[in-house]
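Each chain gets a letter, A, B, C and D, in the order it is written, and its residues are counted from 1.
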Amino acid sequence: MNILLLLIIIPILTIIGILFARDNKHVRVISAVGMTFQLIVSAIIILWYLAERNAGNTAEILFASNYVWYETLNIHFYIGVDGVSVAMIGLTSIVIFAGIFASWEVNDLPKEFFTSLILLSGGVFGFFISLDLFTMFLFYEIAVIPMYLLIGIWGSGPRQYSAMKLTLMLMGGSALILVGLLGLYFNSNPAGGPLTFDILEIAKVQIPLNSQLFFFPFLFVGFGVLGALFPFHTWSPDGHASAPTAVSMLHAGVLMKLGGYGCYRVAVFLLPDAAHEMAWIFIILTAIGVIYGALGAIWQKDLKYINAYSSVSHCALVLFAILMFNETAMNGAIMQMISHGIMTALFFALIGMIYGRTHTRYVNEMSGLMKVMPFLAVAYVIGGLASLGLPGFSGFVAEMTIFVGAFMHPDTFHRVATIIAASSIVATAVYILRVVGMMLYGKITNPEYEQITDAKWYERLSTATLIFGITAIGIAPLWLSNMITAGLGPVIQKLLLSVN
Amino acid sequence: MTSNQIMFLLFSAVIVIFSILTVTSRRILRAATYLLFVLVSTAGLYFLLRYNYLAAIQLIVYAGGIVVLIIFSILLTSHISEKLPTASLLKKWPALLVALVGAALCVTVILQHNFPGSVGNTELVSVTDIGNSLINYGKYGYALPFEVISVLLLAAMIGAIVLAKKRKD
Amino acid sequence: MFEGVPLSWFLVLSTIMFFVGVYGFLVRKNLITMLMSIELILNSVCINFVAFNKILYPDHMEGMFFTIFIIAVAAAEASVAIAIIINIYRRIVNIDVEKMNEMKY
Amino acid sequence: MFDFSYTIWIVLIPFFAFLLIGFLGHKFKPVVSGIVGSAGLFTSWILSIFTAYKYFFDVGKIDGVYQQIIGYHTLWLRFSDTLYIDMGVFIDPISVMMLIVVTTVSLMAHIYSTGYMKGEKGFMRFYASLSLFTFAMLGLVVATNIFQMYIFWELVGVSSYLLIGFYYERPSAVAASKKAFIVTRFADLGFLIGILLLSYYTGTFDFLTLTSPTGPAIGTPPTATFIGMSVMTWAMILIFMGGAGKSAMFPLHIWLPDAMEGPTPVSALIHAATMVVAGVYLVARMFPIYVTVPIALQVVAWVGAFSSLFAAVIACTQHDIKRVLAYSTMSQIGYMMCALGVSGMGGHEGLGYMASMFHLFTHAFFKALLFLCAGAIIHAVHSNYMYDMGGLRKFLPITHITFLIACLAIAGIPPFAGFYSKDEILVAAYHHDTALFAIEYIVAGLTAFYMFRLYFGIFWGKKQDYHHTPHDPPLSMTLPLIFLAFGAMFAGFVPFSALVTSDRLAFDIHTEWIIAIPSIVIAIVGIGVAYMMYLKPTQIPAKIARSMSGFYTASYNKFYIDQLYLFITKKIIFNNISRPIAWFDRHIVDGSMNGISYVTNQASDKIKGFQSGQLQQYAMVFVSGVIALALVFIYLWT
């Protein structure tokens, strides 16, 4: 059996297990066990992948299996991974693992909560391993839909509004994607004969430029909505602010990455000529997004809003880098996805834990928390430093790869855009340090905070996993970078071909 | 002008005038009476066309049955001296416009079209033929519609009883 | 041509009658008067059938039978309608069609 | 060839100390952290000295030229085939010199802190950060490529941030740490863009390749220009911007005085001796390229000279002794920058380069000493302010003597260390540009004045009523003082022209008395003025202050640069950019999304109206529709 199938089977088995669980504790334990297995399987996949590559296996896609699903329309269930997908799988499993522990204290309908959460993660895993556009879209929807329930039921604040807004905007995005996918499908065989959803097959086809130009915006904007492309990012602050902790983690950490991954794997890969033609529009938008998100975050008071805007900024950087069409920048984009995924999950986890203790998310209402909860405070500082791109953490590696890669572009326009985007590192420092200064430092003003306790074991486990992730990448980035670079090959080749 | 034409014009004048009165009269009982005149004149037209049987049915069922039914229900639901409220102008004028435009359209189409003339069969249709046709299931037989109509009438009868029955609660 | 009366005369008559009925249906508020307008409409159709039958196909009887059936249906319809009207009247002591909008949305 | 690969341990030992203290420190008594940190650093120090001995006197020199050796390197991250980041140890005269400076001062600070920080709650945290800083600083000085330098550059920035904010319950400390980080971060943006430009046009990060005379930066420089200046000039100016931020050059200096909120050993280590000279080190590291772009070098010289004068003037009016020292640091770094700016390449031309490095070396000793003394004084008096002090020489004899030595050294009185290095700088400036020389000459006098103002104000002057008798600190603190005092006395005798030069070739220098004597004279004049004004409480300072009240107030308020920054950040960026963006996002971007949903809702509401339940309305629509269709099909659709 294909090991990748385990990534889908384990969530399903876990869900079945949860359905039979008798009380809250069982639900939690079953989820934790399931996701631990998931983490282990992901680790095995990564190691196996690296071993295969070291052994000289140069196939574009490893662990592929292809099942016919619906023959009339030539829909296949086609899975397989390359370096990029493997990296994304690793990210997802880390975040969902930490997410389970971060939501240890969900006592309100826990069965339904964990079911939706794990269903969501299953969708994400499926998305990353799909090589068939239809399968991919299916998993995409599976990942998006539970979000509505998770925010609408377990959220806080104006949760119905946020959930509705988020879902509608993402659904709007997926409508665009659907149009784009059908466009690809019907252009997949210009010579006549059976049409296909197979990504690798479509990649071999030269789609006419007119169709490319028509469908590229659909796909890029469609996936861009999920990747918080300015100005379609506004679901993100409200959605994140209302979502429960684990959902924010998963959403910002993984789900937003579906957007970036989709842009990379579908929009740019399959429509390279149009991507070249229209890149400048989106480069402007994403460069604006980078700065805009960072500056927007400075003014916010709600921790989740700050982090949401910071996500807008960081995710814009991902799309920005993808549009640079060179190996280094793309490599940076993928690393930024992973780095931001773990980092922002860490942030949201910590925000949830802090909120659980102080019952407020407004920075100006908190102070001096360093004294009463050193572990969480230090973790927050680490997250903050990672976010502002400190060397030794993943953020630095990713951002620098992006900047260096983007700056390699021979056009002055691209380089100026790069400088503009790079200047976000200052704004990032401002808002991160502002929060750290206001919230963690200083004297405790609210006497109730004297009673606050530090992290519990599951919270420590959750944060430690994520911190381990960012530092592991930050200190030794080479293996990841190499792994991703190997996966980028076909995309880059196709892009280079389209230039000439 | 033949006598037929005169008769036709007479009947149609009655029909037109009384139909207009039917839909404009503010006393509902009078409207019902005007309707009766319209129906009777229609029966006259049928006679003119030598469809005596049909005219008889028209008189019996329509003029006799339905109008009486209507009058009964009027008596049940409104007071004799009650005047109906006039319709609002906002409703009247568009309706009038629609009716006139529709009528004009139809009339122009009708007058523009040249209908083939044919030798009229002035013979009376015998009741025997009608009866045979109604129970015949071959060509030009109407057994099936006849049965359907019977069932429909039965259903309507039952329905009317059920609907109009006073509820216990 | 039926003994001096052209077909178009019948048709014009029935048209006028029909649209008078339509007008009544659109304007009248009382349910019973609306029912009466419907009778007018039905009647005008009957005239058409009969006239077509007599003038164009005098050897056939379809038009006549149709008219008979229409009359039967009209009777059935009238009885049911009046039953409904009376029922409504019992419930809201009014048979003004504009008041009957509980089923909207 | 001697194998220098062990040198990586000089860098890594503090890192492991950091990990050890950071993860396990809380399991043991606080003092264990101090011992671990100090012991680790002691090992590094020994290794550094061994390396310096080996390099300078044993194996480093081949045919009279000091070699550039890559002691150790490993691939860390690959961007493309030519652009990659190595992590390694680069050994050449300046890096070895810096290793000595950093480990020595750091070791002193470590030892000193065991006494100074005793009983502090964050003792363990303090040592963890200190070790982290040392690791980062060592990593910076041994960087084999510009990106490695940038990485550690950021790391020293963050450890500086953590240490300035050590007393995190004090709002001023928090604000200062934030300010330090953000200002240097802003400068680092320039550095980063400079790196990007440089690497784009030369295709390498490697120092060895970059500074090679036949390399892509010097041998075949790119010809592209941007707004009238060559891209290399731009790149070097931007890189200098990074250096200026770290080294607190005008106008990016504002964070340094505030950084004095940190514990005093930190000020001594980071904000006097090591981190703040990173900018100088950076320029020195890239010096061969700077020489090829005279405009950039000019910028370096003038920014340095102006900063030195500017800071010296401010230092004369401050009352917080640590702030005086901070401005003095800034002034001295300006000196070093200026020296680099006036230098040429090779032989006697490279005098400025040598002098700059020399001054960096000597300055590290006497400035660290000054700060540690200040720490001892503050420890004894519990105040930072000069007007709370006076007549302390009786109570703190050791501190007094060491402080005096340091003051003499910084004022440039022979035979103390500062004289030699400062003299070389003046000579270099004199031969290059008279205006710069004049500025530096005045600064020399001002330096002597404000240092002795401090000295007399603290140790002589009016005796204060102290709540409890001040006394000399414990041995753990005085020992470093004495050690550094020896450094301040004798560091000037190191034959720098034979060891650290721009082309790594030794050259002869001799004291040019024509410049040395006036410089001694002006130093003595400065000391004399301070003596008259501050030995005994007199009215002279107040009178002078009154007579030039505008200038005095301006200087006292640091020429309002802080206010300007505050205005720019708070008023402009915060209120006029960030706030509108937040508003824009909520109301325009989000508003338009909500607008779409509003329009949809309204439309459905309107459409809903057609379903009115009014039978006659339906009929009306139906009939008109039929008629309209009939009309269309009969007359219009032919």
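Heads up, the rule we're going with is that a contact is a pair of C-beta atoms (placed from the backbone, for glycine too) under 8 Å apart; a residue touches a chain by one contact, two chains touch by 3 or more.
Note that the structure is a prediction, hence the values are computed from the model and not measured.
> Which neighbours do chain A and chain B have in common?
D
> From the C-alpha centre of chain B to that of chain C, how far is it in Å?
Centres of chain B and chain C (C-alpha means) sit 6 Å apart.
> Counting in whole Å, what is the centre-to-centre distance of chain B and chain D, each centre being its mean C-alpha position?
Computed value for the inter-centroid distance: 105 Å.
> Please tell me the distance, in whole Å, between the geometric centres of chain C and chain D computed from their C-alpha atoms.
Using C-alpha averages as centres, the distance is 99 Å.
> As a quick test, compute the distance in whole Å between the mean CA positions of chain A and chain D.
36
> Going through chain C residue by residue, note those that touch at least 2 other chains and give them in order.
In chain C, 22, 26-27 touch at least two other chains.
> Identify all positions of chain B at which a residue touches two or more other chains, and write them in rising order.
In chain B, 91, 94-95, 98, 102 touch at least two other chains.
> In graph terms, with chains as vertices and touches as edges, which category applies: line, ring, star, complete, or other?
other
> Please give the residue numbers of chain A that touch chain D in the complex, ascending.
165, 168-169, 230-231, 233-235, 237-238, 292, 295-296, 298-300, 309, 327-328, 368, 370-371, 385, 388-392, 396-397, 400-401, 403-405, 407-408, 415, 418-419, 422-423, 425-426, 429-430, 433-434, 437, 440-443, 476-478, 481-482, 485
> For a test of understanding, state which residues of chain D touch chain A in their complex under the given definition.
Touch residues, chain D against chain A: 75-80, 83, 147, 150-152, 154-155, 158, 161, 165, 168-169, 171, 173-175, 177-178, 181-182, 185-186, 188-189, 192-193, 196-197, 199-200, 573-574, 577-579, 581-582, 585, 589-590, 592-594, 597.
> Where on chain C does chain B make contact in their complex?
Against chain B, chain C makes touches at 1-13, 15-24, 26-30, 32-33, 35-37, 39-40, 43, 46-47, 50-51, 54-56, 58-62, 64-65, 67-69, 71-80, 82-87, 89-90, 95.
> Contact residues on chain B for chain C in the complex?
Answer in residue numbers: 1-2, 4-5, 8, 12, 15-16, 19-20, 22-23, 28, 31-32, 35, 38-39, 42, 45-46, 48-51, 53-54, 57-58, 61-62, 65-66, 69-70, 72-74, 76-78, 84-85, 87, 91-92, 94-96, 98-100, 102-103, 106-107, 110-111, 113, 115-122, 125, 129-130, 133-134, 140, 142, 145, 149, 152-153, 155-157, 159-164, 166.
> Name, in rising order, each residue of chain C that touches chain D in their complex.
22, 25-27, 97-98, 100-105
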